[in-house]
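Two complexes come next, and they have one chain in common, subunit A, joined by subunit B in the first and subunit C in the second.
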Partner chain A sequence: MMILAQQLLLGVLIGGLYGLAAAGLSLVFGVMRVLDVAHGELIMLGGYGTFWLVTLLGVDPFLALGLVIPGALALGVALYWGLFAFVVRADEATRVKNSLLIGFGLALALHALAVRLWTADERSVPTPYGGAVFTVAGLSIPAVRLLSLVLAFALILSLQLLLTRWRWGKAIRATAEDWQAALLTGIDVRRAYLLAFALGTALAGAAGTLVTIGYAVSPSIGLEWTLKALIVVVLAGLGSMPGTFVGGLVLGVAEAASAAAFGGPYREVVGLVIFVVVLVVRPRGLFGR
Partner chain B sequence: MRRRWAAVSAVALGALALLPLATPREDILNFVFLVLLGITLAESWNIVAGYAGQVNLGHAAFFGLGALLTRRLWTTGTPIVAAMLAGAVLATGFAVVIGVAAFRLRGAYFAIGTLALGEILRTTVSNVLPEISTLPAASIAAYRLTDRYYAALVLAAVTVAAVAALASSRLGLGMRAIREDEEAAAASGVGALRLKLAALALSTGLAGLAGGLFAYYHISYYASHPFGPQWTFDALLMTYIGGVGTLHGPLLGAVLYVVLKEYLAVRWVDLHLLIFGALFVAIVLLLPGGLVQAAARVRRLLRRRR
Partner chain C sequence: MAGRPVATPLLALHGVEAAHGDVRAVSDVSLSVAAGEMVALLGPNGAGKSTLLACAAGLLRPRAGTIRFDGEDIAGVSAHRIVDLGLALVPEGRRLFGGMTVDENLELGAFAPRARAGAAAALERVFALFPVLAERRRQPVGTLSGGQQQMVAVGRALMTNPRLLMLDEPSLGIAPRLVTAIFEAVVAINRAGVGILLVEQNVHAALSLAHRGYVLENGRIVGEGSGAGLLGDPHVRRAYLGPLAVRE
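So, the complex of A and B:
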């Protein structure tokens, strides 16, 4: 019983990161109707950015977020101008399909680039407080992962505030709702796309930092994280960032429960099965709000 | 035009058939084997993606199933041809069952749904069969590369011929109608689901045979290896770079891909993916018809000059 509770707790802790990873994808897809399957590779790049900041410059891993987020924002702007700005000109069906293909090529290229730059080895960053563990009611909570969960929640909350309070946040939401109507009311839809994509990439970068701190990064984590993010988006639907966070927690717990029931190696399968079933049962309403 | 292509194909096929007699060098035969396997994978993927317009990102699942069953039957004494056919039947059967549900999904949702499906299969197989599958000593002693080479040549030729026949058939026409506009095709009497299933069945049957060839070729490999997503990605890159929805595009793409991959692998492992990933993005954005379209444009330009 104790072991199960411990596993579920660890599931919650990683679930927060799933939520954060999905938030960026959900924002980009909801606003632009662009399915960026390189999202996991952006997370991977955020992770290596952190790895470099920590090992080369000696920055504290959590403070590295302060540098990774602006860096990822800039990367998002560059990727939008270089690639996705061309995609959003097409009609919606073509847009989704072409963005999928482009994301795919981008993912392969970034993966190969990461292997060249950082080799295929798994990397993690040492933290000065890395081993600290709280014990509550007989359950051990690794301090680093708890802090990551809190930070993930804080980031999603700030995104939600941006989207509801900031002028351009409202423009982004209006564009997601109905881009033609948004255009008619004088919103610069292209700018809203750019902002949404940059914010989505920044969230991916932040997720990468937290993944590297709590777990590890390697060039091949991209596909896995893209799939996790897609599963959460399918579970939680579009439109609500707190909902996405909760969806992440649900996936984390579901994985932990299935690992406890069927053995560790099957933890990946449960999310994918949920994903396929939801897709097939609700083929249209799937990304609905 | 048609007759010229037939003549070119016959000469190419003849030359490839004579190659093992002309050279005993195993590296050359292995290399051509990889090209032929690539052609089979790319052309089979092209049936669903290029002709019926459905991007199937779970192609590796069917390649893997073919490899799994073929290996199992062949190592327990079944003749290789029968084992490969059984593998193909398994892949097709699974595809038809899955397809009925998966084709409820359109466009990109079909793509990510099939991607998830492939990953489910890969994870499950690597959990159930974590060991390396190695041929028994007697089979290793009797291993002859030329047998594998000819099997690959026959399979690639059959695949290309099947796609050629499909392209000029009523069935292929219906598939292209679905690709262009599924609603319009259905409204004018094309049975969309039936044709998409037919495309998937043919495509996955060939992928299953290709998997069987893989199982016949390799002395030892992890059972989950042929289920890896890279097999799908390779097929996708070859097809798109060559020209999706054309007969000779995937052929061209496969040759180029394998040549560059093997050439670069000598010094830079995986660099080909950086190049092909970037090339692929450029092709999706600027040249949706791939190299075949580029060649047609160049030819038209030259003709105008004259």
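So, the complex of A and C:
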């Protein structure tokens, strides 16, 4: 019983990162109708950025977020102008198809770049407080992962505030709902696309930092994280960032529960089962409109 | 209606041809609206009325022809820029941001730089025109009645501070009592000096209110005249006002 509770707790802790990884993908897909399958590779880049900041410059891993996020924002702007600005010119029917091609190409290129720069080995970053563990009611909670969960939640909340309070945040939501109506109110929807993509990339970068701190990074984690994020987006539905965070927690717990019930290899299966079941039973997701 | 304003046209379409994909929707259409004028655009479903409005609003690029607003050629200019120039469209079916409140929808109407400067005054005008919206500011627009949603749609377009307002079927699917309120609001907006281009299935109401009208059939202008003149036109009466109207 205690072991199960411990496993579920670890599921919650990684679930927060699933939610954060999914938030960026959800934002980009919801606003641009573009599926960025290189999202996981952007997370991977965020992880390596953190690795460099910590090992080369001696930055505290969590404070590295303060540099990774603006860096990822800038990368997002560059990727938008370089690649995705051309995709959104197409009508909506061909957008997803074109974005898949560009996304896969980008994913392959970033993977090769990462192997070149950092080798195929798994990397993790040492934290001065790395081994600290809280014990609550017999459950051990790794301090670093708990802080990661809190930060993931804070980032989602900040995004939610941006989308509901900031002028351009509202423009992004309006564009997601009806881009033609958004144009008619005087919103430059291309600018809204750019901002959404840059914010999505920044969230991916932040997720990469937290993944590398709590777990590890290697050039090949991209596909796995794209998949997790996609499952959470389908599970939670579009349009609610807090809902996406909850979706991440649900996936984390479901994985832990199935690993406990059927053994470790089944951890990966449950996400795909959720994916299919949600698409059949409730295609708009748990919190989607 | 007396006192028709005569001036160089604020909006002038000349020889406009437009298509959806390979289907030609309008060809060689010329029409104009003067500053402060109210013009009705009539015609059966599929005649190309919405297509013309979409071209003027910048949502659809015409294949040929020119569209001038205040002398500037706006064919091919991005829609959000056209809004900022002062040409606004209330699209068919309202197209509100359904997940947002009345306040948020209206606020987004004043997104462009020029509109943003006058947003507070524009909001007061909208609430003076539609007092019921002032009581529903925090309500999600999805929970409003069809007529109230149309008020938000007109209000959102007014928030852009337009010099010319195009309305596409504003009375469609709305309770009759609220249709009157919408028409009264359109007249009030026009009296305040805003030009109106009105596409309307309620032909009698549209022609009674408008200074001039155009009849569009199969993508071409087949008639034009003063509101009263078109109301008395045998073809218009037969085609749009029903067989009984002809015998009157």
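To be clear about the criterion, the second predicted complex is superposed on the first by the 280 of 289 C-alpha atoms of A that agree within 3 Å, B and C clash if a C-alpha of one lies under 4 Å from a C-alpha of the other, contacts with A are read in each partner's own complex, and residues count from 1 in each chain.
Throughout what follows, contacts are C-beta pairs under 8 Å (C-beta built on N, C-alpha and C of every residue); 3 or more make two chains touch, one makes a residue touch a chain.
Just so we're clear, the structure is a prediction, and the values are computed from it rather than from any experiment.
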item: When both partners are placed on the shared chain, which of subunit B and subunit C touches more of subunit A; value: B
item: Which superposed partner A:Lys170 touches (first subunit B, second subunit C, both, neither); value: second
item: Subunit B versus subunit C as contact partner of A:Phe275, first or second or both or neither; value: first
item: Partner chain(s) touched by A:Val150 [first = subunit B, second = subunit C, both, neither]; value: neither
item: Which superposed partner A:Leu223 touches (first subunit B, second subunit C, both, neither); value: first
item: Contacts of A:Tyr266 with subunit B and subunit C, given as first, second, both or neither; value: first
item: List of subunit A residues in touch with subunit C within their complex; value: 167, 170-171, 173-174, 177-178, 180-189, 239, 289
item: In the complex with subunit A, residue positions of subunit C that touch it; value: 57-59, 78-80, 83-84, 88-89, 91, 95-100, 104, 107-112, 115, 156-157, 159-160
item: Partner subunit B, residues of subunit A touching it in the complex; value: 35, 37, 83, 86-87, 93, 96-102, 104-113, 115-116, 223, 227, 230, 263, 265-266, 268-269, 272-273, 275-276, 279-280, 283, 286
item: Complex contacts: residues of subunit B adjacent to subunit A; value: 55, 101-102, 104-109, 111-113, 115-117, 119-120, 123-124, 126-127, 229, 233, 236-237, 240, 268-274, 276-281, 284-285
